[in-house]
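Two complexes are shown next, each including chain A; its partner changes from chain B in the first to chain C in the second.
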Partner chain A sequence: MRRADYVIKRVAFAIITVFVAITINFFLFRVLPGDAVRNLSRVPRASEEFRHSLEVQFGLDKPLWEQYLIYLRELSRGNMGVSFSNQQPVWSNLREALLNTIPMATLGTVMAIVIGIVTGVLSAWRRGNTSDHVSTNLAIAFYSFPTQWLALVVLIYMSAWFPSHGMTDPFLIDPTPWEHFVDVMRHMALPSLVFALTLYGEYTLIVRSAMLETLGEDYVLTARAKGVPQRRIVVRHAFRNALLPTTTLIALSLGYIVAGAILIETVFSWPGIGNAVYQAVTERDYPMLQGAFLVLTISVVFFNLLADLLYFRLDPRITE
Partner chain B sequence: MGMRADLGEESAKLQEPQPRRGRGRLRRSWLWLVVSKSFQAKVGLAVLLFFITIAILAPWIMPYDVHTPVGPPYEPPSWEHPLGLDDGGIDMVSLLIQGGRISLVVGFAATLVAMLIGGGIGIIAGYFGGRSDNILMRITDYFLVIPDLPLAIIVAAVWGASLSHLIFVIALLLWTTTARIVRAQVKSGRERVYVMRARSLGASDSRIIFRHVLPQIGPLLVATVVLTVAVAIFDETALTFLGLGDPTAITWGSIIEFAFLRTAISAGAWWAVIPAGLCVAFVIMGCFWFGRAIEDALNPRLNVSYLSPRTFRIRPLPDAEQESG
Partner chain C sequence: MGARRRPVTYLVLLPVLVLVLSACSGTSEEGGGTTGAGGVKQGGVLRLGTSSGLTSLNPFVGFNQDDYSVWMYIYPSLLQYDTTTSSYDYMGGFAQEWEQSTDGLTVTFKTVPNATWSDGEPLTAEDVAWTFNMIKQYEKGPTGAWAGSVTFLDTIEATDDNTVVATYEQPSGTALFDLGMTMILPPQVWEQYATGDGKAIRAFPNEPEGGEPLVGGGPFILTEYKKNDIALFERNPTYYGTKPYVDGFGLQFFRDEDAMITALKTDQLDAINEIPPTSVETLESAGMEVYKGLGLSLRDLIFNLDPEGQQRPELLDPQVREAMEYAIDRDAIVETAWLGYASPGSTIVPEGNNAGGVDWHDPSVQPLPYDLAKANEILDSLGYTRGSDGIRVAEGRPMEYEVVFPLDEAGAGDRAFRIMQQSFKEIGITLIQKRLDTNAAWNAMYDRGHYIFDLAMWDWFPAADPDFILAVLTCDQWGNWNDTGYCTEEYDKLYKEQKSAVDPTERQQIVYEMQQLAFKDRPYVILTYDTRLDAWSPKWTGFVPTIQGIFNNFSTQSLSLVHQA
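Up next is the complex of A and B:
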């Protein structure tokens, strides 16, 4: 019963968060002084009738709450509007972009998690040693570098070996599926490397402090007194317990992954959702911007929910 | 909790009646204690003070004007211009000094706003509890999950680009974390015996908050401020890079942005990119070292590790710790 309660609570929270995001999305574009929506009907030198007909056409003459209901209704049908810049439905633009982002971001994040766990565990184990100082400060450094700057530095020094731009080579004619795969992977190398570098520092610090926390527990002392080999203590006793706070914190860092995707894809012109956000900002393509915000929020909320449920599976102590 | 362990001797002194000015000394002394004990804190503070001094002295120490070209575009570093020139032939050293000034102002101003909003909400929620706590924490819950940068992007894109908008947008992102930290601390602070004692003596809510609860969470607040400044400066560079900063202001973020937009990369002009990012990184690292040193001092549990090769210390029993307060 308690289990079901917990799951229901988390799912309800996720749904409400998405709803809050939708509401922000709607009212922000209508309430703030920039007023993107009114600008639509503010055609220079337009006659009063023309402006009015535009307002009727876009439904701007209706009261705000009615517009909101219409917005919700259309959203529930998957209609996010039409992009200003290429006149395509926003959702089909975003879906394509999202499918390009996912492999690149996943590759980078997985690399970051693996490196972060290894360095974090080692530096907690060798706490106070030179190797701990070096790896911790290196982690702090990579955590501090602005993402877009790191991407530019990688671009300067490594673009001789790997393609620096886009996702595929436009001069590759009729590639076999294998050639296409290799081509995409080569293009993916630099962006996902930068992804891993910007994220790994944070993960190292998270894993390290979680490990330090568990290494101070009494069961570690007991294990040590029993004569359990150190490596076994680290892996079986400390690390398994340190995994719990690590999963939550990694889930909370999803916002960084989204931010990283926006900045990195911008630098490398990777045709993903981050680049779509950048294009939408520069072209003031508001429907795309709104849609991208919504898609990014929903994916973050979804993964957070997943982490919550995973945490619940991993830690039998949770009853609340 | 952790703070008391650190200030054990100091609070013992407090037991005996003391003249009023002694208390002021105590409040200053914890910071001094942290800084004097930790090498990390000293380095962090030194780095921060270095950049702040340069930012304050900027108009007097800038070697060249930031609006007049002094040579060809992307001139490589030379004796006259140690970091070369940018795409408009402007001295990079001067640009960095001027940029640091505005970046730091944005960072500190955004932090101040975030602290006022987050701190206020945290205090109200934590101190008064009940329904206001519930509502306010629900709101921060939602804001915590919504990804920061996209939210900032849509607000900044609709609101228009200017320095003050940038400050408020960044503050909008950062207040939630502060609110949570302050709330948790205030909540535990108001249950302390001395707070109850003050209340039974008839102290008003505002007196209890400002005289008894807030000084107690001071150290953590300083750590939060410092770490928030780091995030604010980071966010400034990100938003500016995406074209949402003030187009006329020179900041570290805009130096990186211009280097990207104006083909510094293909021109091989590393000097137009790398120093700006390093400045940002050093300020953030300084904040981080300093903030973490305070946090570590507040959490003595982390000092205990049963596996560390050098120190093999046993954690004091929890009971003993509680009695000392």
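Up next is the complex of A and C:
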């Protein structure tokens, strides 16, 4: 297969996926039982006409297919609409939330990758001995704990040392940039830690098995026979090849950073995209939901595509 | 706040009160934690936690209880409730004197002279008239969320800088509440949006921008707002009333209640507006102050009384509903489901619902006792015999009913359900819990003009003035606030009468009569009234807890009087 063909095919597939997701997102939330304006119109002093006026304002009085066409038209112009619940543009709501989520989730993911690779390599290296058993079992345990449970446990036991909610201390008056940075990092500590704990196990297991596979290869045996030092064998020969599946996994899991934030952000009241999605679901805020799911979809599809392309670049066998 | 019932409870807005505060404090003037002449420590910033959060700072958009409380603190209102008295008498806010004519058609307010908005613009009677005229002009659309404030209102105008006169098309028993407890907005900010079709009124975010606080006129001004995170308030230096002791307060939003409780225990917070019953013990043992008082909320079992929608005709029989009430062990629900932090419910107006100097809860209405023998006797007499499985059969079908259960009732509500489920089994009735997301629950109850459920459990967080909770059972609210399909001429007639009863004593009698009628007709069995639970650190004192907690929209007293211990 020619390289260009492969790339074009992958990109086209990604675009179709996004389009299908947009359509499903549009109808999915409208099929959910529940009503977008009911919440908003049910305030004690509201007039009876208020509810209807909201429906008209939001275009909910139009037939579904017309709403869908309007949605597509506006989306193609880059307009994601206006949030039902706070009347502000969806994109500005989302951008704010995303900018809050990305640093926390990135820190957590980087920690997970580092811990996962180190423990995975060590496990493979010391295969079969106690440290391998401990590390592998821990990895499986953290991988299987429900995220919100782990988050609550961390919160209860560690909030004496680190802030348990929010992103900054709002009462820190006129902080210097350094103080602000420290403050944000302190707030980020627990949610990022939970992020890292829930993710790292997967890396450990994949890195370990990839390492074991490469350590069993003939060229490793040859290197041993040649008297190459063990450390060099592991790092130079085995680890580099074991990175192949790891890279894919990293790219794939980056796509879920945003999605994975929902449970963690809810526990730690982190004002990010997960929190925004949670609130939008309870309020049936269709434009926010569509916008947030579009962002989720695009991030997953994008990183999948990236993984495909990276793999293509890293592993010449694919072109064969 | 979910959809239904939680949405804003009520209303009342803001300003503070000149009179009461000055009577209570005697000192004022800031200082970072200094002690004033009256021995009260000045200054400091109170960190207040809430699990509800703000939806929007725009009064025509926001719908959470916390939104309403914020507007109370940052905007003037003509009146407030004096929450330091148990009868919640009206007291002056931006109005110093007020009078309703005996025919109920004219209301006059004398406002505080020489007041200013936080941007230095004069705050006058003119602004009051402007606000209500704007609400009235757009009441069918953009300002619809506040349309109730201008019910029956004919005209409202400022006859001079400090006098506002409102005239009514018909006598209004709620005029003081409607006009008095609504926020007054600064026209210099809002006028530009209140033009044409008025759509811009709702599109305006009304958030602090470029480091400038929101223009306000209450005891505090809003200086910073981050969605789903925090709102920061500072004392308003231009406030016309007595200034609060604290330099400011912050409202922090928690998605998770456990996280919020932990934050209070670890000194990351100073106070929490509403804590769950399960956290009382842990907070008390951590040395926190926990307030336990009557709360303005109730939990109810709902019968679908829509004769065309109800598929189980026996439930339309008042005797069946009566039998079912006999099978409810309210004491067990209070003790087991609510850990003792509730009281047995009787009428739709909760105990402790005093407002404007009147006690609206009719104490003569008493819940039916828990009496399974009596319940069985009634059902036997109706000929609903038990099948081989012990379940009675009515109209050819087993008496097995689905109970719509919205998730905002989870926790204590689940436990209450199980208690009822057990005792109903004893009388040959099966209850099946149908748990649904709050928004979806309503759809499971009402569809295209009819109520389609068997039974439901839900709650009400009514307003201080009983007009709102009474309206819920009227035919006018069919498909809107009405969640039972109850609709009778007799009740509707009484509702209209109380709405027009200008004399509070006369109105009280009608309101009592409505409670008796609703109890007898039994569209609801009121299971319990909540105990209001708030908590704060012993480092603070002076809160004025109310039936709506320490951060409420009844008055601005609580956060004006709070100070460091």
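The rule is short, and it goes like this: the second predicted complex is superposed on the first by the 269 of 320 C-alpha atoms of A that agree within 3 Å, B and C clash if a C-alpha of one lies under 4 Å from a C-alpha of the other, contacts with A are read in each partner's own complex, and residues count from 1 in each chain.
Just so we're on the same page, a contact is a pair of C-beta atoms (placed from the backbone, for glycine too) under 8 Å apart; a residue touches a chain by one contact, two chains touch by 3 or more.
Model, not experiment: these values are computed from the prediction.
Of the two partner chains placed around the shared chain by superposition, chain B is the only one that A:Asn129 touches, whereas chain C remains out of contact. Touch criterion met: A:Thr282 reaches chain B and chain C at once.
By the document's definition of touching, both partners, chain B and chain C, reach A:Leu152.
The larger set of touched chain A residues comes from B, when the choice is between chain B and chain C. In the superposed model, A:Glu55 makes contact with neither chain B nor chain C. Contact with chain B, but none with chain C, is seen for A:Gln290 once the two complexes are overlaid on the shared chain. Within the superposed three-chain model, A:Asp315 lies out of touch with both chain B and chain C [touch as defined at top].
In the superposed model, A:Ala160 lies in contact with chain C only, and not with chain B. When the two structures are aligned on the shared chain, A:Val267 is found in touch with chain B and with chain C. Shared-chain residue A:Asn93: touches chain C; no touch with chain B. Chain A residues 32-35, 152, 155-156, 159, 266-267, 278, 282, 284 lie at the interface with chain B in one structure and with chain C in the other.
Here chain A touches chain C in the complex through residues 32-35, 38-51, 53-54, 57, 82, 85-88, 93, 96-97, 152, 155-156, 159-160, 163-168, 170-171, 265-269, 271, 275-276, 278-279, 282-284, going by the rule given at the top. Remark: chain C residues 2-4, 7-11, 45, 47, 55-56, 58, 61, 63, 139-142, 144-149, 199, 202-203, 205, 224, 226-230, 232, 250, 252-256, 258-260, 262-263, 266, 268, 436-440, 442-444, 463, 468, 476, 480-481 touch chain A in the complex.
Residues 13, 16-17, 20-21, 24-25, 28-29, 32-36, 124-129, 140-141, 143-150, 152-153, 155-156, 159, 209, 212-213, 215-217, 220-221, 224, 230, 233-234, 238, 252, 254-255, 258-259, 262-263, 266-267, 277-278, 281-282, 284, 286, 289-290, 292-293, 296-297, 300-301, 304 of chain A are the ones touching chain B in the complex. The touching residues of chain B, when paired with chain A in their complex, are 141-142, 144-151, 153-155, 157-160, 230, 234, 237-238, 241-244, 253, 256, 259-260, 265, 268, 270, 273-274, 276-277, 280-282, 284-285, 288-289, 301-302, 304-311, 314-315.
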